[in-house]
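My structure is below; once you've seen it, I'll send some questions.
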Amino acid sequence: MPTVETYKISPVSLEKLFYQLLKEDRKIYAPVRRNDQVVFDLVTRYEEICTDFIQTAASPKNLIFPRYENLFSYKKGKDGVEIQQFNPDSIPEIVIWGLRPCDAAGFKVLKSLFNWDYKDEIFNTRLNKTTIIGFSCNQCDEYCFCTSVGGNPGNTTGSDLLITKAGEAGYLVEAVTEKGKGVIERSDSLFESSDNIRKEEFLADVPVMFTPDLLKEKLEKVFESEIWQQQSIRCLGCGACTYICPICACFDIQDEAHGKKGTRIRCWDSCGFSLFTQHASGHNPRMNQAQRWRQRVMHKYVYMPERIHEIGCTGCGRCSRACPVDMNILDHLKSILKS
Amino acid sequence: MDFEPKIVAFVCNWCTYAGADLTGTSRIKYPVNVRIVRFPCTGRIDFMLLLKAFDEGADGIIVSGCHPNDCHYTSGNFHARRRWMIFRNLIDFVGIDIRRVAFSWVSAAEGAKWAEVVTDTVGKIKELGPYSEYHQISKSFDGGAK
Amino acid sequence: MPLAVYPGCSLTGSSREYMESVEQILKTFEIPYTFVEDWNCCGATAAHNLNRKVAEALPARIIALAEKQGADEILVPCAACYNRLKSSQKKMDEDKVLKGQLSEMVGMPLDNGIKILNVLEVIEQSIVPKLNEKIQAPLNFKAACYYGCLLVRPGNVLNFDREEDPQSMDRIVEILGATPVKWSFKTECCGAGFTVSRTDIVSRLSGDILIDAVEHGAQALIVACPMCHANLDMRRKDIEKATGRKFDIPVIYLTQAIGMALGIDHQKLGLNRHFVPVSI
Amino acid sequence: MIKAMKNKSLELLTSQEVRVVIGYEKGTKCSTRPSFFFLPEDIERMVFDEECKNNLAVYLTKENIKNYGRLAIIANDKTLQSIVKLISENQIREDNLFVLTPGSEDGQVIVLNSIEEIKSFVNKSIPSQKEPDSVDELVARIRKMSREERWKYWQDEFARCIRCYACRAACPLCYCTRCTVESSQPQWVPVASHVLGNMEWHIIRAMHMSGRCTDCGACAEACPVNINLQALTRVVRESIQDEFNLTTEEYLEGNNVLSSFKPNDNETFIR
Amino acid sequence: MSRIGVFICHCGENISATVDCERVAREASLMEGVLYSIDYKYMCSDPGQNLIKEAIKEHNLNGVVVAACSPRMHEPTFRNACAEAGLNPYMCEIANLREHVSWVHEKGDATTQKAIDLVRMLVEKVKNNKPLLPITVPVTRRALVLGGGIGGIQASLDIANAGHQVILVERDPSIGGHMSQLSETFPTLDCSQCILTPRMVEVARHPNITLITYAELESLEGFIGNFKAKIRKKAKSIDEKLCTGCGLCTTKCPNKKIPSEFNEGLGTRTAIYIPFPQAVPNKPVIDKTQCTYYTKGKCRLCEKTCPAQAIRLDQEDEILEFDVGAVVLATGFNVKGTDFFPEYGYGNYQDVITGLQFERLASASGPTLGEIRRPSDGKIPEKIVFVACAGSRDPAKGIEYCSKICCMYIAKHAMLYKHKVHQGNAYVFYMDIRAGGKMYEEFVRRAIEEDDVKYIRGRVSRIYERNGKLIVKGADTLMGGKPIEIDADMVVLATAGVASPKAEELAQKVHVSYDQHNFYAEAHPKLKPVETNTAGIFLAGSCQAPKDIPETVAMASGAASKVIGLFSNSELKRDPSIAVVNRMPPPTYTTCVGCGLCVTACPYQAIQLEDIKDRKGNVVKRAAYVNPGLCQGCGTCVAFCRSKSIDIEGYTSQQIVAEISALLNDE
């Protein structure tokens, strides 16, 4: 575990750092305001970057685990099939700038997931070519619960650099990884020593509701409970919660063919959909929304900790915010704990 | 090389297909660019097939069937007409180039009209050029990460 | 926009009484009009025998001029000119390339959207609705309405009245108080352009027309074409010689007939200019 | 109002006329959310006010809800119109449903229990002239664009779609148990959320809503990436009413206008 | 695995002249799934078909693409060949290389490429085909014949004589049609009535024929073998059972000045009338539009007169319903009136008449009892002019076609005139003399040579009246276009034969197609001349195009034999290309949600909602079901189905998408 190095950077230098990275021929994705939402998008002007927000509408996971991606393309001939593998070299170097610590922590979970039994080359290449510059949270809302799932508003996990706004005068910069330290080395003139800034003073106060262990223990006992049906009766069965989640990573493999040519594509899928588990015969092991809802909760808080030793949730609260019928995950977890 | 558009024609079996047969029987010439796909009736023509054709690389589409009141199945063309009307308005609204979809009624007796419809459509699509705008989106691959 | 009026050669020369009467009734019914300025020959029968392009360019120039003046409609009283203008307009409608070429030839933009009207159309459209109230001296005679050929044929070009058995003039004449006779020679040939070169043919053909009119009891012939008028009126002596019959039946332009019914002075209508006196 | 609504619901539950009442409760922040009331004591939670925007009709076709048999639903205007359409498409058995809706008088609650009652009530309550809303403005703005600009606009919109199908899930009339996009023989729409697949999906959705959409806006409301989906269905609905000359009443009353026709329908675009 | 054979036909040189057939075959052999491909001069010939059959057996093919002429031509031929070789016929598809390629494009690479594309398209389609079995439907062995002219009479008698029930419906009060109006018939000059009336009587007396006169088809629903016909029997205002046909009423009727339809307006009839003496049935009807009682509310003279008390003034139209298995349309034609011709006086000259009117003048039962007298003053015309092609073959009149019968009847008319007015002069203006047919040319020659009818090759530009004469102005084109004027006493216009005024309405009622002149369209101009595109509906006579009596009778017998053929089995095998709603094992059962939109869209009422039950008999779903007997396979329902639960065999979405994809991706 490398040690974290801390620095200070002035607002002016921070902007310079941004342009420095841009000059290094990296694409920078940062939160911007689009269509009444804050979303991650390609940014070329520093002033476009939005800082005054609690959380972006969708997590930045699509930058490393895209909505759909080409695995290989093929061409059928009379004498067999010709396959052209996807070329990882075509993946560009990018920077994700300004994501929240909960999203950065999500990438660590994804990394574990994509390297659990099989090492996913495309995912790993993308992640390796990405520099993650997180910004600590100085505000939160009632949907946030990172502190209950092992995170916190200043969590460095997953970030290469974590930047914390320390008053008007400047920012605290923590270089967490070698990649992060490399960024600082390449522009060291912009950074000053950290002057013992007390990071905690500048962080949002996210109350702790429960501990992950307590939750796991409880969940293991309620598998057959009525509570799943009670909670999910309102659920419409869309995939909004899974698709905006920084961790949900279920995918589907599809062939898209044009005549004899085609591509094999990996694209997002959601356990919320009834078809997710439907067999060709028509039989569906998860036949109702209650079972699907249970799966989503159990997977995140029980199965993933068991299998990859990560909690499948960083407490970002997005699913609650996005749900068309206000399925509030925190409410539901609390009521499970209470039951 | 000059641009040779790919045009698919969705036609009903009873009127336009037979009309196109008559064009042949009458030895009336028309441009080679059109390929006919036979349907039992215009009522059968799902609007999705038009999008499929563009997706697969068509530069223009002809949809043709029996004149009103002449449908072999009485009313398939009436249903189709309503569907096209709405579909046309909708795709125009989303910016699909409706000049590339030619709707016509060509009866089994109108061999010459079929040749005219094809000739005019081919001419028009040649003027408009390849529909690369549409074809590109089916090939663009940004992985959803802009 | 005011109506444009294209007089053509006849109406400024041998048939000036037609123009006079047209103007009289346009004024009476307060229909604003302006003449097409700098107008040229319509090409008549000669041009399209010599050069097809020029034959279309001549009317095209007239159309362009009228459009340049801002007119939406153009009145062409002479049946031959009317026929030529309508033909060119149709040709240009059907052949956009030709239209472009002609526009270049005449050196003017050509919209070709102007409505070309003959006298009957203008009367039906703007005068008939107000005609009844203005009639002072109803015409008390039997009239044979003679349409000739150029006003109604070919039907697919002119799209005016029934080409074999036109009715529009009869309807107007009836309003004027006259009784239109049912006769057989409404659209027969008067001899037309042979008026100069082959008066013998003109005499025979026009003679047949006069005979049929008279035998059906007509007391006057009503016309709307200067050529027909010339053959039936100016060639009367030749006709009488050829047929061996005497005819005192006058030949009156429809516009003159309207003027008469309105009580307009015969001089103003140019009735005094006829060879066969109008004493009816 | 809420008092009367609660009383009526309580009455239906205690008399066991219905197994469940579908209504609203307070949600996170200041919102309200759909809620299900099984027991008389649950009624306490019930709220009903102007903020109750969800179209609850969406639940009437869900298998697990249908299994409850007799049920009551608290219906706002949008919900009512959707119910009329669902009945005409054979999705609701009328004798199973009590519809509780506010009456014209203050605090009045009307209970509708048959298709005729619902229809005539809806017809009476259709506002004769609709005020233009933000969707109308957007539609007008898009209509003013050149074709190329429209294309660009919608390509940008569709590019954002993540294909979570919240629009479909929230729509009371998207009740198919297998959606077109899930049919793979042939694969009508690419599964991946690329712009082509997204465009095809949204065109299909709008077309499949044609003659059926009641313009409740649930689709757009549900969209997590704020695509203005209602503009599409609004355009479809407008063109249906305009081209086929239908009043709003006729539109709601009739079966799908696309499965009917008039021999003299407009066909100016057909050669 | 697909094992597809591709067979490219040269069609003599019809295809190979512009398409490189060998290259097409070569390219086809490279297509995925194609095991065998070959080109051949005439694929539809016996050796050609054998080629297919042998290839199927030898290579164990499970799919066949024949690239030849239009599938509308030989699809059945090739499918049969496949069936004979043991391959399900629906595994065979036709690529249309003749009508859609070789005949419409010039020779060249692009043309051959199109041929290859079409073959590839069908290869991809065939891969998605599946074997289909024909559907059997019951056949009601009763025929409906519409129209009681000679065509309808012949068809009815033929079908009835084969032992089947016939419903014969006639619009007028009597059967007989135009033939009953004719005087003599060419080329034998035998009396029309003499040969027709026995047939009419036979119809009336035939135990298998139900004759319904003064009636029209109200509606026709159903499909081949299973039609439901509603017939509106108009009120005749008499009790047919009581009426003895004595005709006393017609003598008493005060309303005597009504132009007689039978006499083409040249005679009059009463408001209660029997159209002509030999009418079948020979019982009067009251014309409600003319009868004083119906128009003014009083009279009832006939009621008082009738010795049998058979008048029923309060009678109303009756709707009769019949189940029938086949329909013969024999609704005949009409001729243009003289008012169609402004240049011939717009119908204003009484002595300018139509050919049909002349028939009445020449008929012994006509208004002049067979004497040729002109309608205006009853004088016997000394000079008579016949104008052929009045309207016919005249694009300016909108009638481009030849009316076919006029040349012959003009010769007959001129002859009849000369036979009756020996000193008279008969002139015929003609364009061409079309006298193809047994003894026809000889007949015309007789008119010219023996009866001295003066034939002038030229058109008549105008007819006008002068001094009681009709001046016929024309030109003799064989004399260098010399203008001709004939001062005739009477002119007969051989006006164009046109479709009946209600032909279009009827076609739409029974769903058959018709041409731009409203003549009914046969299913194939050569090989299916009596069939229509609608199965179970056949054509007889001049409703299809103008034709003479022998042709009409031949066609009627042809149509009758088709009906008899259809009735030869109690069941009919139908094309299985129909719509099907998917059914799956539980728990899905079907993906149909039962919204019912297909039910409203179906033009044949072939779809209904049915309950789907689980093993215990509980209703689990309500879903659409297609009645295979009613479905005609239009596929309108398919395009409606949002969940794609309904599809149409032979045109499945999967097949069509495969076709589109193959067509547009040439690599």
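Of note:
Think of it as A, B, C, D and E in the order they're written, each chain with its own count starting at 1.
As a working rule, a contact is a pair of C-beta atoms (placed from the backbone, for glycine too) under 8 Å apart; a residue touches a chain by one contact, two chains touch by 3 or more.
These numbers come from a predicted model, not from an experiment.
Common neighbours of chain A and chain B under the contact definition above: D, E. The chain with its Cα centroid farthest from the Cα centroid of chain D is C.
The innermost chain, defined by the distance from its C-alpha mean to the mean of all protein C-alpha atoms, is B.
With every chain reduced to the mean of its CA atoms, the largest distance from chain B is reached by C. Counting C-beta pairs in contact, the chain pair with the largest number is B-E.
Between chain B and chain D the centroid-to-centroid distance comes to 33 Å (mean Cα coordinates, whole Å).
Chain centres here are Cα means. That of chain A falls 72 Å from that of chain E.
Rounded to whole angstrom, the centroid-to-centroid distance between chain C and chain E, based on C-alpha atoms, equals 49 Å. Averaged C-alpha coordinates give centres for chain D and chain E that are 50 Å from one another.
Those residues of chain A in touch with two or more other chains are numbered 67-68, 258-259. Touching two or more other chains at once are residues 162, 180, 188, 193-194, 258-259 of chain D.
For chain E, the set of residues touching two or more other chains reads 588, 601, 640, 653, 657, 661, 664-665. Put simply, chain D touches chain B in their complex at residues 139, 142-143, 147-155, 159, 162, 180, 188-189, 193-196, 199-200, 202-204, 206-207, 210, 231-232, 235-236, 239-240, 243-244, 257-259, 261-263, 265-267, 269-271.
Of all residues in chain E, only 588, 591, 593-598, 600-601, 609, 622, 640, 642-645, 653-654, 657-658 touch chain D in the complex they form. Against chain C, in their complex, chain E makes its touches with residues 341-343, 345-346, 348, 462, 464-467, 471.
Chain contact summary for the complex, chain C toward chain E: residues 162-165, 182, 184-185, 188, 212, 215. Residues 30-32, 584-588, 661-662, 664-667 of chain E are the ones touching chain A in the complex.
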